[in-house]
Structures are given as C-alpha cells and as structure tokens.
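Okay, got some structures for you below.
You will see chain A twice below: alongside chain B first, and alongside chain C after that.
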Partner chain A sequence: MSTHILKRLLDRLRDGGPPVRTDGGTAAAGSETAGGDSDVGSALSSLRESDAVRSAPFWLPPFLLMGFFVYGAISWNIVISLTDFGGLTLPTYDPSTFDLEMYRRAFSDGQFWIATRNTFVLLISFTGLSLAGGLGLAILVDRGIRFENWFRTVYLLPFSLSFVVTAVFWRWMYNFDSGLINAFLRGIGLDFVASKWLTGSIDTGALGAIPLVPDTFYFKLFAVIFALLWQFSGYAMVVYLAGLRAIPNDQYEAARVDGASILRMYRRVILPQLRASTVSAAVVLMVFALKAFDFLYVLFGSNPGPTADILSTMMYRQAFSANEWAYGSAIAVVLFVVALTVVAPYLYGEYRRGEL
Partner chain B sequence: MSVRDDLAERVGVDLEAIDPLRVALYATLVGLVVFYLSPLESGLMTALKTEAEFATSPPFVPPTVEGFTLEPFGVAIDTLSSAILNSIMLAVPATVLSALFGSFAAYGLTNFEWRGQLGVVALFIAGIFIPYQAVLIPLSRLWAIVDTQELLAPLLDITVFSAQVPVLGTVELATHPHYASIINLIITHTAYGIPITTLLFRGYYKKLSTEMLEAARLDGAGAFTVYRRIVLPLSMPMFAVTLIYQFTQVWNDLLFALIIIPSGSGPAAVATIALNELTGGIIQTFNTQMAGAFVAALPTLLVYVLFGDKFAKGVAGGT
Partner chain C sequence: MTDTPDSDDVSRRTYLKLAGGAGTATFLAGCTGGGESTTESTESSGDSESTEETSGDDSDSSTEYNALEVQHWWTGGDGGAAVQALFEGFEEQHPDIELTENPVAGGAGQNLRAVIKKRILNNDPPSSWQAWPGANLQPFTDADKLEDIEESVWGHNDMKNAYLDGPQEAAQPAGNYVSVPLNIHRLNNLFYNVEVVEDAGVDPASIDSPSALVDAMATVDEAGYVGMAQQTNSAWSTGQLWAQVLLGEYGADVYADVTAGNVEANADAVRDSLDIVKQYSEYYPNDAGSISWQDANSKIIEGDAAFFHQGDWAAGMYRGQDGFEYESNWDHVPFPGTEGLYSLNMDSFPMPTNNPSPEATKAFLRYVGSVDAQERFNPKKGSIPPRTDVPQDAFGPFLQNQMDDFSNSEAQPLSIQHGLAVAPDALTAFEDAMASFISNYDVEAAYSAVQSAFQ
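Right, the complex of A and B next:
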C-alpha cells in the first residue's frame, strides 16, 4: 500500500520537473501587475488572467521569500566573486572595479585543481557505488520476502541521521586501536590490512589534522565514500524499489514462461525499465555529494588535507577561516556551475517528458 | 496431486520454505541488517562502557557488569540539553512555516491555470538542487547587516512566565537575546525548505479532483474558501509527510548553523553544533562521544522509528 503511494509520488516528481525557463520571471511579473488594478478592467479580463491574479496571494509570498534567499543570494554571491572583498573591510560594490581576478586566481591555484579532482572522484564513485548498492538492496527486498517493511526500515535508517551524527559514529568505526572495522579485520586474521583509515595523519581534534604520511591510495577519500555509501544506499533503494513496483507483474511472468534465468530476466527485462529511477536517484545523490561538507567538516575540520579536500570544504575554508571572501565566492560559483550542469539537463528532460 | 505436494504432505514440511535460494536470500538480508546497524550497535555499546572497558573489549560486545556505566549519557545530556532545546525551538517553527508556505505555493501553482506557471514552478524546483555553498557568503553578510537583535529588542529579555513551583523552585520562561540568532536560522531554513515542500504538495494537489474544485468555485467560493474548506483538510496526510521529512532535514543541518550563529557556539548553539564541539574536543573520550551522538540524534531517531513510512514517502517524493 505504502509503496503504491511511493510510486505515485515518484511519478509526480518526474512530471513536476520542468526546466528553468528564462521567461518564467517575466511571466510572474506580468501577472503581478495584472493583480494591481483590481477595478472593472480586470473583471473583464480573460479567465486565464484572473486565475493568475487569484492564485498570486498563494504562490507569490513564498516565491518572494524563497526567491530572495535562493536566487537573490546566488546573484549576490556572483557579484561578491567579482570584487576584492577580503579580511575585515566591507565589500565595495562599484561596478568599475569588478574583474575576474578571483577566477584567474582559482585556475592557477594548485589546491583548487586538487579539490576539483577530489570533488569529481567523490561525485562519480559515490554516486555509482550508491546506485549499485541501492539497486542490489531493492532487488533483494523486492523478492517477495517476509518482514519486508522491517528490512526496508533498517536499510533506510542511516539516511535519517545527521551527517554530524554519522561522522561521529564512523570516526569510532575507523579508530585504529579499537574501531569495529579493524576489530573485524583482525578477527578474520587480516591484521595487516588494519589501517589508520581516516589518516595518513593524526587527528588532534580541535587543532585539526596533521599529516603524517603522504596518502597515495585515496584511503581517506574512500573511507569517507564507504561511510557515505552506508548512509545513502538506503535512499537509492527506496527510489529503485518504487521503480521496480511500477513494472507490471506480467512482464516477470512472461520472462519466467520464456524460461529466462533470474539473472537474465533482470538484465534484459527489468534493468532497462529502471532508467528513469536511475537518473532521478543519480541527480539527487550527486547533489548530496556536493553537500558532503558537513561530514568532512566533522571528521577533519575545515582542512581535510589534499587527499580529501573537495570544493565545498575549500570554499568554506577560504571564506570563513581565511576571510578570503571574494575568493570563496568564486569557488562557490564554480561549485554552483558544476551543480547546474548536473541538474539543468535533468530538469529539462523531465519537462520534455511531462510535455510529451 | 503432484508428487511434490504429496511428499510435502508426508514429510510435513513446506518444501518452498527450505529452498536453498531462499535461505541464501534471507542470510544476505540479515547480513546487510548487521552491516547497517553495526555502527549504531557498537556506538551504543561503547556509550555504556567505562573508559577502561571500551579500550580493552571489542566495540560490539556489550559491557560487563563492572564495565557498565551511564555516566557518558549523563555528561552528554548535561552538555547537550540546552542545545537540544534550541534545536527544538528552531526545527518546529521552521518546519511548520515551510510546510505551510509550500502548501500555499503548490495550491497557487497547481490548482489554477495561467501562462508562465511552469516557469515559476521550475524556479521553485531548481531551488531544491542548489549547493548551499553558493549562498553562504551572502547569508553571512545578510545576517550581519540585518540586526534582528536590535529589531526585536523590545521583545527580547522579557520574562514570559515565572512561577514558584514546589520542589522545582522558580520556573521561569524568558526570552533571551540569543534567540535573535535562532530567529535568523528559522527564517533561513523556512526559505530554503520551501522548494522541497512545494514539490511534495504539488505532487499531491495534482491528484485532487478538478471537478470538485470547479464545483466549489461555481458555487461562488473564492480561492481562499476553496483552500480552507477543501484543499487544506484534504492535505493533512501530505502535511504529515512533509512535516516529518522537513523536521529531520532542519534538525540535521550543520552548515547554516555554522554560518548564522555568531562564533558557532555559545547559548544559541543547536544540537549539531554542540555535538560537533563535544566530540571535537581533545579531552572527550569515545564513550562520551557515542552517548552524545545518540542524545543529539534521539529526536530524529524517534521520528524515524515512529513514522518511518511517512519519512520514506518524503524521501521518494522529494530531496
């Protein structure tokens, strides 16, 4: 029953995702002016226009509040990135002094490229692994098992927790001396694999992390990705489960009658129909990967070091630790553009599908 | 009657039940349960152990009688209680407000038809996906310029309620200057919550019968009456989903609190900030850290255990 609603909700999500249209704002402004002259003239206007007027009291206030904080703030951020705002002096918003110096600085900053590379490693491996894990979970849970709700609830549980909480748990999991990961490895005789997973450095807590060994194997980043996988694969499972439930039963039957093996059935019949679920889950997971800041911040402070630094931690560090506000803004703009290249095609595709 | 059924009847065992594939399936599922719960289990066990105990025994083993202690939870509750109160004061209004705004917006954008509507919808939905890093610096500038404390000066520092209660002594409910930061956070979370709540409600409102709303309109009911009499009462299940989902989102946030609460800590700290400080210190031992994590996560864990279904709906419908 609940999965049925889940499925429908998901369909709604797909229907309800038109793209950013540049004329959206103008249309909104137009309807607002129509709302201004509430005299005989507007009474004569078409039903269409009067609907715009009558609906405005409902959507306009939330739109203004949201628009100010989302689009206003993004624009403001872009403007700041053009200034030299830094230190304790306030920004000067004089268009004649605007330049792209901060972007030039970013592109010639080795740290920026390391953070960009790590961001993409995180983005791609985290998203790919979470999708695979979530699909596996969904297929298992969808095999007509008993206590299905219970299993599903357990797998989704980590997703309901704060990054701060999960980071605290995983710091303990990865602890070298007494953490569960190393305890498990030693338990099965793999002592030599037991590692200082989160280091190549010593975590002094308040003072931040001091690097000890150059980390060539991305240990740190993959330790983070593994923990994030634990937290987010349940999400991918929920999305895939909704997709699986949307496939009519007779297709399973037909495949079975044809004598297809389970493996073959999934590969030939089921997986191709999960494309839409994959796309929507992937977009959301990528956005989460870009937001993984909280997790890294709790584990490593604002400087996770070159093997785990991503654009969002670098942006925070430049702005709020080093007071390089304009530079931080420029990095934030880059991050925003990365997010946009992921989300815009997705939203456009949804719009097209909704229209067709 | 097939041979197989015959056999099953004679042996008295359901043959389906001992299909080796099924056994492997359930074994895998249970193994995964162990994997997903192990950080929580070993965290809980560690939180119940003394320092000497957790350093020597494996993390997932329950404490021995001598090694058992509730002290870490005592320390965690003492340290985090005021921050948890702040988190409640933040999360409840922010959740209710963004759900209400989302419901208004979705009604205005779904149950009416006008040109340019989809463009506005697109702007709402795109708001879900922006990385918050792109608005952090403007946010910190904004809340440095807008002095909520000054604006609300007459309201802050008022004793709302004060009474002598036997046993407890003086019970006082007063407003404090640091509430200004919490108000800033409430406004911020409300604004950034609107896109997702709008999406959730819009999905729901699309399914409302147009004939019913049209009939009400022909009866002379205005847009407000239709909303209050028909749409709002029908939205209650969706309000439950949205409130539960959004509550966990606001409760779990660290980033906005880091930016908006001055110096990050002090009397206005919310649960995530206080937990980060409790666990980030050099002195705190792992048992206290784990107890702190459970105390700070308790409200969301409770919500999840009690309303897991609704949370899952919010997850599938949005984010």
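Right, the complex of A and C next:
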C-alpha cells in the first residue's frame, strides 16, 4: 500500500504538480494511467531524481538539527523528570528506577499550585485582553482615520522592543513616588487611585465570599499583565487589520444599504469573518504568555513571590538555584503539556480544514 | 482503499509521513550506531578518542605547570579592578604559570554557578572558581567533587593562625579544608545619614536592639524622613535583614542553632524576629517595591532616609559620591544588638577534584591565602581580608574600622542569604519564604516556611 502511494507520489512529481482545478471540484485523474505501466526499476531511478531526494540537502540538515536539539532535548527532559537527579551526582538512567515521584511531589507542593494558578490567570487574561484591545485598535485604524499609517506604527512599535527593555521601564512607570502612572493619576486629581502597583493589594470585602474571588486582591500579577498587554496588543491589531482588509468593501456597503447600524454591522457581518485571525493571534499570544519568564526575571529576579510566580520561574529556581534538576524537569514537562494543549487544538483545526 | 478517488490526490500529509519516516530512520540509525551507514562515523569517533588520550598523556608526563583557568563573576566596577590586581600579583610571583581567567558575568553569580555545575557534572572543572564557601559548597562535597587542601594550601603562609574561626569553619563545609576565602563583606551593618538622624534627634549608637530600632525609626518618621531605605522589589535584602534581626535580638548561639535546622526549638525567636521585620516595613519608602538596593541607598545619600541596612559593599557608593564623607555625612554602627559580632559574607576559591592543573591550582590557592593577595584585592573591592595580619595602610578609614571590629570580634556568624550557613536547596526555599513574606507580611506563614526550609 505504501509503495503504491510512493509510486503515485513520484509520478505526480514527474508530472509537475497537481492538476489545476479551476472549479474547486475533483480533477480528472489523468496521472493514474500515466504511472500505471512504470516498473519498479524506473520507480527507483525516478526516486533518485525526485524532488524529495534531490532537495534533501536543503531540508535534511535543519530537520536533523531540529530533531536533535528540540525534540531530542524535550525527550531527554522527560527522561530526567523520571529520575531522582539532584545535586552534583549524575543519575544512573536505569529504567527500573524511573518513577513519577517528582510529579507526585509537584502535585502535593502548594507553591506549584500557586504557580499553576498564576500561569493560567496570566495566560487567559493576557490573551483575552490583548485580543480585545487589538480588535478595538484595528477597527479604529480601519475606519479610515487620518495619519493611519502613523498610528499603526505607533501601536506596533512596543512589540519590537525586547522584554528586558520594557520590564525595566515599566518598573519605573510603576514607581509609587516618581512613576508616570501615579504622576498622571495625581495630575488629574485622582490621588486616591495612585497605588503601590507592584506590592499593593486591596481587600475585596464582601466580594471575597464569591467563589474564585480571593479575599485580598494583589496588583502584582495584573501590573505584569497590563505591561505585557501594552506590548502585545499592537501585534493583535496588525493581525486583525489584515483580517479586516481581506473583507470586501461590498459587504460593508450591503450592510449599510440594508440599514444595519455600525454596531450591528460589525457584530453580525464583520466579526464572524475574523475567526481565523483570532485563532492565529491567540495562539501566538498564549505562547508569549508562557514565555513571560524574561519579563518577570528582569522585574523581580528569579523569585517574584507567590503573587506573580509562574511555572517557568519556579522551574528555573528549582533547577538552577536549588540543584533539584529532576524536579525542575518535571515542572518543565507540565509547562510543555500546557503549551501543547494550547497549540494542539489549533494545529488540529488547521489540519482538519486542510490548511496545513 | 488507495484506489478511492480522494487518495489519488497525494496530499501534503503523505509528504510529511514519508519525510517523517525517513527522518526517524536516519535519526535512529545515528543513535544506535548499528547500521552500515554509521560505520564510518564510529571509526572517526574512535580516532578522535585516541588522539585525546595521547594528548592527555603528554600533558600528564610534563613536569611544568599546566595552564591555570580561573572563573569568576567580577567583570566590572570594584570587583573587576580588584580581581585584576589579584591576578597581577599572582603573575608577578609565578611568571611560570600561564593564567587564563574565564569570567561569567551576571545574575550576582547565578550565571557562573550554572556554568560551574554543568562543568562539574561533565567532569570538566576549571582549575578554581569564585564560590561562596560554607554550606554553599555542600553539594560539591556530597558528590565528592572537592579536594582536601589542608596540607598543600592551609599548611602554608601561617594561614591557620591568621584566619579567625568563622572563616576557617566556612572553608570546611564537610569538616575538611577545601576552599580558600579571599575577602569578607560584613552583613550586620546599619548605615545612616548623619544630618538626618541629628535633625530627628536620634542617636544611633544608643540603639541597643533590633526592637529598639523600631522606636528610632518612628521618631525619624515623625521628623519627616523615611525610616529605613529598604528595597522589596526582590526578596534577598529582606532575607539579609531578618537574619541580622534574629542575630541582634537573640544572639549568635540562637542564630547558629536556627541555621542548623532547629527552628522549632527557637520558634519564639524566629516568630518575634519576623514580627520585628514586619514592624520595620511600616517605615520603608513608599516605592520600596520597585527600586533596587542602589536606588534605596541613594535615599541615604540624598538625605531622604535615615537608616539603611545592607552589606558593606553599600559603602562603595558613598566612596564614589563627592562631598559625602565618612563620619561627617554618613556613618556606620553594627546592626543594633550585634556589637562584637562580625556577620560574614565571603568569596573563596575551592579546589576541585579531577583538576586540570593540580600543582598550578595549589600555587594559586596558596597565593589567594597570602597577605600580598588579600592586601591587593580587598581595598579595591571594598571588603576586608579574612587574614588578621594584613597591614591596614592600603585601606580607607571605614574599612580600617571594620578590620578592627573583625579582629576583636567574639564570633563570626555565617550568612544565610549568601550561602555560607545553608545549602543551596535550603537557601532557595528560604528565599521563597521571604518572597511570600514581603508580599503579605504574614508572620505565621513565614515562620512555617522558614521552618520547612531549614529542617
């Protein structure tokens, strides 16, 4: 069966690609008969001349490098997480000693759950708010305002800055005495709103009785989310803008002729067509959220404290400060699984729709 | 099945399958080294092994010193100038030893520590490296990665008489000498701005305990100044501060007992000292959460704040500030309640096993333990020598006073935050405890976190 596919594949390559299908229907199978009478010998010689083999110098080296350094490293990390590797003695890697001890330890570690909770809060609120902000900006910019290109550049610019830069100046922005945010709030007479954004908290009072609402609400993680939002909503805007530009003008006109209000037009006609933009922007943003490590590390060092600790900072501390290599690996595997659950549905969806 | 019309279209999926299959096969062949295709590579790797062996033989049989490789994280500022002075001195004494320094900057040594661990695990250590001595080296001694240098190094230069007990204890994390301390930064300091405390009417010298410092800060606060210039952006300064409070309020014995793991036996002391730190936090600057220790220290220099607790590296900033002079503008007392104690933060150079240059390393470590080395290094670094017989001429007035305090100290407690008293895993857990503590100042939670960190 597989040789059959292979042969047909080679035939197809020789024929120079798939037949053109102008109507979107099934093309007539012209290649079926063309390859029908070729024997095994000619199939081998055509294998040598096939694109896949002749292009091997181009795709094979990166394939092997990726396989070794990315997938090899991931597999090795999983192996380490099954050992008891700690301190400065190498483990034996004897499969009979492999166990899930480190995962058990993680699941019974309060700090791990705090970091997991923060990771998900960061992931969900950052992605959701970035998408909303990006969509809003994209619609505004798409309304044909003056200096459109200029605004587009301004909004996208933060995206080009490194986390290290943005983390340092957001630390200055959040300074209670001299930070820009509090200076602004005081300037417009809102002194009582000015807060210690990185260490402060408010008592949620009666709201604390609602499930999932904490008694004390710490600003720290949301200060981080806000800074990341500032940096990444420009990216979401660009993705949405491309999506908006792909929608033909006729549809706007038709909606207007039918008497739809602007709100209704966007809600019923435009937004449903931005699904693909939303999904692809969301995946990229989620992956950025999982990589927020550098931002936190520059802001607070390797230990941001329970109010902003995420899995990646915890993994770093356990592995590189405490020498608990196996435990750090186990946390890394959990983080990897989280990343997979973010990316996999997207990839599967694309695959289902034949876009991959 | 393959003849159905749909499968006629050889999709991208099929390409991927084939590519994946071919890739996996190649990859597996590469891993197992069993296939014909890999014979060649196996041979070539065999060749390279044999060349390594011969070159190894060559270097072993030679009687000259092997090249010395020393790693450190002093890449700039005071530390950079100091370590260059040290290396110059060594090269003057040993022109026959080739010295390569291999600095790794960043992360207050965290980056270098990662490099060293990797090299030790790969059995490829440098000749020596900058390391906190004491319990910080415990993972190395546990894995038997450090060599005993009692005879070869500590037996020279009268080292055992010249070093006080505290530094000697730190050089023996597992009961034998494996490292040579080079410098000491004191941790039980309280710096203050002279004008501010005079204006507020507080006499720092009369504050006799950490709890009395709370009252002094309240007085300063009423006079309109920040009581204590502390940073809470990251947890380490608070870890340091808590240790000095425990030391000052309850003494060196309780401190040593707590760091040895007996937290429960000293539960009241630990709780109370955490509570004192909590009271201090009322007098921190408003922006404590978003500043570094240098920013905090600037508040002393600018006259906004009265007191500052930090290691004595903070004095380096005063030294660099024109018109801000010792005793007239800023001054120093031992942290309240810790008079007669000299709380240690040290750097040292250990001797790894499987050393690439055993003899040259011993020569280097003997030099590090000598008067000449410590006299060159420490004035530039702004630290004091662990040897008590180093002449004071090269040091400024502040460091001379510190050296006198050190020579006359009754005990030299080992630092927690800088790895001398607790092993790295306990230190990480302790830092977690402090990171939680500065976000909510929950004394009870911090107590149980410290207790589980040290046990």
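Simple rule for what comes next: the second predicted complex is superposed on the first by the 289 of 356 C-alpha atoms of A that agree within 3 Å, B and C clash if a C-alpha of one lies under 4 Å from a C-alpha of the other, contacts with A are read in each partner's own complex, and residues count from 1 in each chain.
Note that in this section contacts are C-beta pairs under 8 Å (C-beta built on N, C-alpha and C of every residue); 3 or more make two chains touch, one makes a residue touch a chain.
In this text, all values refer to a predicted model and were calculated from it rather than measured experimentally.
Novice: Answer with first, second, both or neither: which of chain B and chain C does A:248 touch in the superposed model?
Specialist: Neither partner.
Novice: Which of the two partners, first being chain B and second being chain C, lies in contact with A:59: first, second, both, or neither?
Specialist: both
Novice: Considering only touches as defined above, state whether A:95 meets chain B (first), chain C (second), both or neither.
Specialist: In the superposed model, A:95 contacts neither chain B nor chain C.
Novice: Between chain B and chain C, which makes contact with more of the residues in chain A?
Specialist: B
Novice: Contact-wise, after the overlay, does A:174 reach chain B, chain C, both or neither (first, second, both, neither)?
Specialist: Only chain C; A:174 stays clear of chain B.
Novice: Check whether A:259 is in contact with chain B, with chain C, with both or with neither, and answer first, second, both or neither.
Specialist: neither
Novice: Taking the superposition on A as described, I'd like to know which of chain B and chain C A:323 touches: first, second, both or neither.
Specialist: After superposition on chain A, A:323 lies in contact with chain C alone.
Novice: Classify the contacts of A:305 with the two partner chains as first (chain B alone), second (chain C alone), both, or neither.
Specialist: Touch partner of A:305: chain C, not chain B.
Novice: Considering only the touch criterion stated at the top, classify A:272 as touching first (chain B), second (chain C), both, or neither.
Specialist: neither
Novice: Quick one: is A:294 in contact with chain B, with chain C, with both, or with neither? Answer first, second, both or neither.
Specialist: first
Novice: With the touch criterion stated at the top, can you tell me which chain A residues are shared between the chain B interface and the chain C interface?
Specialist: Touching chain B and chain C on chain A: residues 5-6, 8-9, 12, 18, 26, 31, 52, 59-60, 63, 67-68, 171-172, 175, 177-179, 301, 320.
Novice: For a test of understanding, state which residues of chain C touch chain A in their complex under the given definition.
Specialist: These residues of chain C touch chain A: 1-2, 5, 7-10, 12, 14-15, 18-19, 23, 26-27, 30, 110, 113-114, 117, 120-121, 139-140, 142-143, 145, 232-236, 285-291, 424-425, 427-429, 431-432, 435-436, 438-440.
Novice: Going by the contact rule at the top, pick out the chain B residues touching chain A in the complex.
Specialist: Going by the criterion above, the answer is residues 25-26, 28-29, 32-33, 35-40, 42-43, 46, 54-55, 58-60, 101-102, 104-105, 107-109, 111-127, 129-142, 188, 190-192, 194-195, 198-200, 202-204, 206-207, 222-224, 227, 248, 251-255, 258-259, 272, 275-276, 279-282, 286, 289-290, 292-293, 296-297, 300-301, 303-304, 308-309, 311-313, 315-319.
Novice: For the complex, which residues does chain A have touching chain C?
Specialist: 1, 4-6, 8-9, 12, 18, 26, 29, 31-32, 52, 59-60, 63-64, 67-68, 86-90, 111, 171-172, 174-179, 196-201, 216, 218, 220, 299-307, 309, 317-318, 320-324, 356
Novice: Under the definition above, what is the set of chain A residues touching chain B in their complex?
Specialist: It is residues 2, 5-6, 8-10, 12-13, 15-21, 23-28, 30-31, 48-49, 51-52, 54-63, 65-74, 76-77, 80, 91, 137, 140-141, 143, 145, 149, 151-166, 168-173, 175, 177-180, 183, 187, 204-207, 230, 234-235, 238-239, 242, 283-284, 287, 290-291, 293-294, 297-298, 301, 311-312, 315-316, 319-320, 325, 328-329, 331-333, 335-336, 338-339, 342-343, 347, 351 of chain A that touch chain B.
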